[in-house]
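What follows is a set of structures to go through.
Both complexes below contain chain A, partnered by chain B and then by chain C.
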Partner chain A sequence: MSVVEQAAVLPAARPRPRPTARSVALRSLGVVFVLALLVFMVGPILWLALRAFSNVWPYPRFLPSDWTMKWWHSVFADKSLGHSIKLSFEFAPVVTVASAVICLPAAYAFSRFNFPGRRFLLVSLFATNAFPKIGLYISMAGVFYTFNLMGTFLGVVIVQLIGTVVFMTWIPTAAFSSIPRSLEEAARDAGAGPLRVFFRITFPLAAPGIFVAMILSFLASFDEAQGTFLVGIPNYITMPTEMYTLVLNYPEQAAAVFSILLAIPSVILMSLARKHVMGGRLAEGFQIR
Partner chain B sequence: MSESTTPAGLLIDRVSKDLAGRTIVDDMQLEVRAGELTCLLGPSGCGKTTTLRMVGGFLQPDAGAILIDGVDVSRLAPEKRPTAMVFQNYALWPHMSVFKNVSFGLRLRRLPRREIRDRVEQVLELVGLTHHMNSFPAQISGGEQQRVALARALVLEPKVLLLDEPLSNLDAKLRVRVREDIREIQQRVGITTVFVTHDQDEALSISDRIAVMSGGRVEQYADPTTLYREPATHFVASFVGAMNFYTGTVADGAVEIAGGVRVPCEGARRNGGAPVEIGVRPEDVMVSTAGDGAEAHVLREIPRGHYKELVMQLGEAEVRAFVGPEVSTSERQRVRFARAVVYAEGVLRPSTEPAPLR
Partner chain C sequence: MVLPPVAVVAVFIGFPVGAAIAYTLGKTGGPNSTIALIAQRQHVAKHGVTFAAYREVLGNAHVRGDLWATVWVTLLTIAAVVVLSWAIGLYVRLSDTWIARTVSALSVIPLFIPVVIASYAILTFYAAQGFIKTLAYHVGWHSFPTLGYTMWAVVIGEVWVNVPFGVLMMSSGLNSVPNALIEAARDSGASLPQTIRAVLLPMNVIPTVIVATFTGIYVLGSFTVPYLTGPSAPNLMGVSMSQFFQSFNQPQQAEVMAMIVFVLAAGLGTIYVWANMRAAKRASQTS
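Showing the complex of A and B:
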């Protein structure tokens, strides 16, 4: 890499050094590694994509022997599938907004105030991710039965919220922490009250981090299957829970079609967030002291 | 701008502040006259920034009061105080253009758009940045950011301008230029100013008066010349400028330092013969190859551009002298003191203060 760059920047200054056997070996090792990674990451997706259009795909063949659109037709024709897509797009925004309302004030407090137990609370948010989810959901189900939340919209929202709390707190906490306090003080000095300082200075500066957190929450809610399955069934069946039924009751090609549909919002939202993720906002999430 | 602001005095009246169980500011008393530029000078941790933040309203004093124009502002929030601060890191809002930054406070006051535009243009002209009106902070240099921060503070026509080590993020050359700019603007606007710095050079060159702080108290509050010529305490003498210190006795016309070395000293008067601390500025050390001076030999010679610094052995002690380039570089020299200040228990002894020679 560096050899190439130098040569590009200083074409006349120095002749390009002859590659040694060692550097050639290193470079080809790198290429092999990247290719392997590509096969592991893109391979399954490619297989899925082919599968969704295949009718017959006998074992040793590299490509399917017979192509078809019938799985797509059957998925779109199934009413319950359409309904689950609609439901998913209802839950995800509700959960994201609720999560923001709950977690953003907490994130601001974590970043700006030093209260007893601050670190412990911040780290304990990971607890929901540390245990096997299904165990957590089963004990939650016990509580939900007591409060008649099983099979309700609110119950599903709560169970999906659990998975978003970590992003919605840590990333905005980092975003708030990265804003020097003097920026807020300068606004106070210029005559703005605390609320105005928050909405004119703090919030706009933290917005990219909050935006990323909201996208991740949206996706976490959108892709959440286990808890939604446990709490929502039989009234609320979202796209990911529908997958369970599909895998069991339909040929796997229909599941492939559905997986692709499920991936579309993720791809769109991630490419929206890409700018901010690449800008290091996501990385900031884990630099809180 | 200057016409509408009548300069106001600032009084820091017996203010104390504890932070995290440590006394940072200890019963401090300081008066800044209207239109005056006062520097708070001291090493880090001496309480100078804490004092400034209390004046700005970002900290509440534990005891005492802060008065601006005779009005107690100690309990007012920063947004209610007639002060404006320039922060060490400038604290410009990165998501706003220079115009938006400077006009922020005016827009909060809901002034007519025309007036906002006029006042921002006026103040940007004062700091010489009208061409950067629509730039964003990240697009302009450190020195320019500094001036935007100054403009943002001045546009609100505060009664007291507060500067918290405003030059510490600039490189040496720029620092000298910007400090002169700040002084010039301050004098033109005629605004009462408190300037916090740990750089004595900065303080000496722009202040009307300097308050040297140590341990949360003001050690000395005086104009730059007095501060340099007659440092009131041993701390001030060692903090401001370079100073040779000796323990010894004072006789008539000479001082006697460790090892029984007798150095002729203009204006020295015998006072009881008790051992005292004797301070001599390097430029007050007279060096010649002949005469009645005490014998010293040169250890090092450090070129300083327009002058030379000589490090010499004087009996058991070392003496540093600033001499002109015309002084011959001979190893043996004779040393006299043109002027000395004498301290007993760390405090200047006025009775032994020799009459300034030059």
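Showing the complex of A and C:
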């Protein structure tokens, strides 16, 4: 599973040297590095996943001494948890579509037209990322009281939308920019109208970038906890915000079960987008051009 | 066509931030009137502006503790993420073994896991009965410290969350260095460290700056990681400002803290924009 798809391999110009003490040491250092990274990256997730099936887990044992499925039953039986799952699946699509409608035309314009202030506007969208999130949400919440947006559906949508604007603009902008203009011009010369050119040439070629932006936006909304916590409470408690309560008030195992449920959509959607995200589209989008 | 997102940013970021600045300076009218009705311990400016709210917040020893914690956690996280991303990026760029491929696959795992879950998982992993303590116990290190609910757990969590972005940026930057350049340096007798210093490092300043600034801004604005894994006090500013807003009902003080964090982030943001502009200028000069 090569993650960095374009990783060009160094050509074997020199014959491979015989293994020396130094190269063996380097290689074993590499193996130690991988093991440490494995524990650091995967360890916490596995440890939590095991907890979802544990009945008795005395310290210091590496595995539970008694296994059970009862936590799964109790989570599924809990009405308020089910409600938060449903809410999460309502917010994320609404936010993603709203974000696409607002940002995609702009992405096209940013990539195709060179208008005065273009760079300034592109950088000013960066403002959404340049403000530390929680500080921004606090400022927004202060004004939301005046406009009666606290604790409303629209208020939560706005808070989550803010977190998607950068993805939705920058990544598609890079995708549109990577399409050679000559392709579009050739289609125009062959007699296609501007709309036809857009839907037959430009859009299909930019689609992977747009798709990645939509997945990232969906997940940004689905996983957004801190802003929703601040603005949505007490009426709109989505899955991630429910986690705050779960961690504090429920047995550890129930929180572990809920964690697994909440991670499923992320794992599936990110796996779909994996190829493109790793292929450098994300990195592309972060360099202002 | 460009207007809608710019308008969204202006209305929902520019305007609230502007209103928040006015509110922290004692202006309780206009968009701040509703919150001013319910807030406690407000500093109101009768004429002009007042810095009383800033004086109160910065005079609070607890807040100062939070501020220092925020600064050192941010700097430490930036350093750790930059070093890790470079190490992993270089490894993957220069080596094509299964080990390198495993490393790059491992480093992006956090992309797949929501932050709330990651924070909770990291808390239990480093907790008093977590894996690390269990492991230390079995190798005979019984006095190994519990990291859960300390600032160390916060740093670990922030690094964990930010590693994929760093690795993706650095890999993409390192891959854009042509093999011919590396080969040429090696053929003219440069050792691997020399090649890294003279070829790969200067060509990857921008990605490094991007990784450092975005990581820093992320940590400054984080709430979930420190809230779930950190101690009750002192903790990061993100946690204490939500407490001031929600639990203590002192939104003006919370917004003052938001402003302080904005100033810290603005410093980082300036470096990012400057580095990008410089690179763009250079590119236009050479082409």
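The working rule: the second predicted complex is superposed on the first by the 262 of 289 C-alpha atoms of A that agree within 3 Å, B and C clash if a C-alpha of one lies under 4 Å from a C-alpha of the other, contacts with A are read in each partner's own complex, and residues count from 1 in each chain.
The rule is simple: a residue touches a chain if its C-beta (ideal position, glycine included) is under 8 Å from a C-beta of that chain, and two chains touch if they have at least 3 such contacts.
Please read these numbers as outputs of a predicted model, since none were measured by experiment.
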Chain B and chain C placed together on chain A: clash or fit? fit
State whether A:188 touches chain B only (first), chain C only (second), both chains, or neither. first
| field | Which superposed partner A:108 touches (first chain B, second chain C, both, neither) | value | second
In this superposition, the partner of chain A with more touched residues, chain B or chain C, is C
Once aligned on A, the angle formed at the Cα centre of chain A by those of chain B and chain C, in degrees rounded to the nearest 10, is 100
For A:61, is the partner it touches chain B (first), chain C (second), both, or none of the two (neither)? second
Query = So, does A:40 touch the first partner chain B, the second partner chain C, both, or neither?
reply = second
Practice item. Check whether A:29 is in contact with chain B, with chain C, with both or with neither, and answer first, second, both or neither. Key: neither
TODO: Quick one: classify A:180 as touching chain B (first), chain C (second), both or neither.
DONE: first
Task = Kindly classify A:196 by the partners it touches after superposition: chain B alone (first), chain C alone (second), both, or neither?
result = first
| message | With both complexes superposed on chain A, which partner does A:204 reach: first (chain B), second (chain C), both or neither? | response | first
Superposition result for chain B with chain C: lowest C-alpha separation, Å, rounded to 15
Per the touch rule, the chain A residues reaching chain C in their complex are 1-4, 6-11, 13, 27, 30-31, 33-34, 37-38, 40-45, 47-48, 51, 57, 59-62, 101-103, 105-106, 108-110, 115, 118, 121, 123-136, 138-147, 158, 161-162, 165, 168-169, 219, 222-223, 225-226, 229-230, 233, 240, 243-244, 247, 252, 255, 259, 262-263, 266-267, 270-271, 277-278, 280, 282-284, 286-289
In their shared complex, chain A is touched by residues of chain C numbered 1-6, 8-9, 12-17, 19-20, 23, 31-35, 38, 87-88, 91-97, 99-118, 120-126, 128-131, 133-134, 137-138, 160, 163, 165, 168-169, 171-173, 175, 179, 182-183, 206-207, 210, 214, 217-218, 220-224, 227-228, 237-238, 241-242, 245-246, 251, 254-255, 257-259, 261-262, 264-266, 269, 272-273, 276-277, 279-280
Listed in rising order, chain B residues that touch chain A in their complex are 56-58, 77-79, 83-85, 87-89, 91-95, 104-105, 108-109, 152-153, 156
The answer for chain A against chain B in the complex is residues 180, 182-183, 185-193, 196, 200-201, 204-205
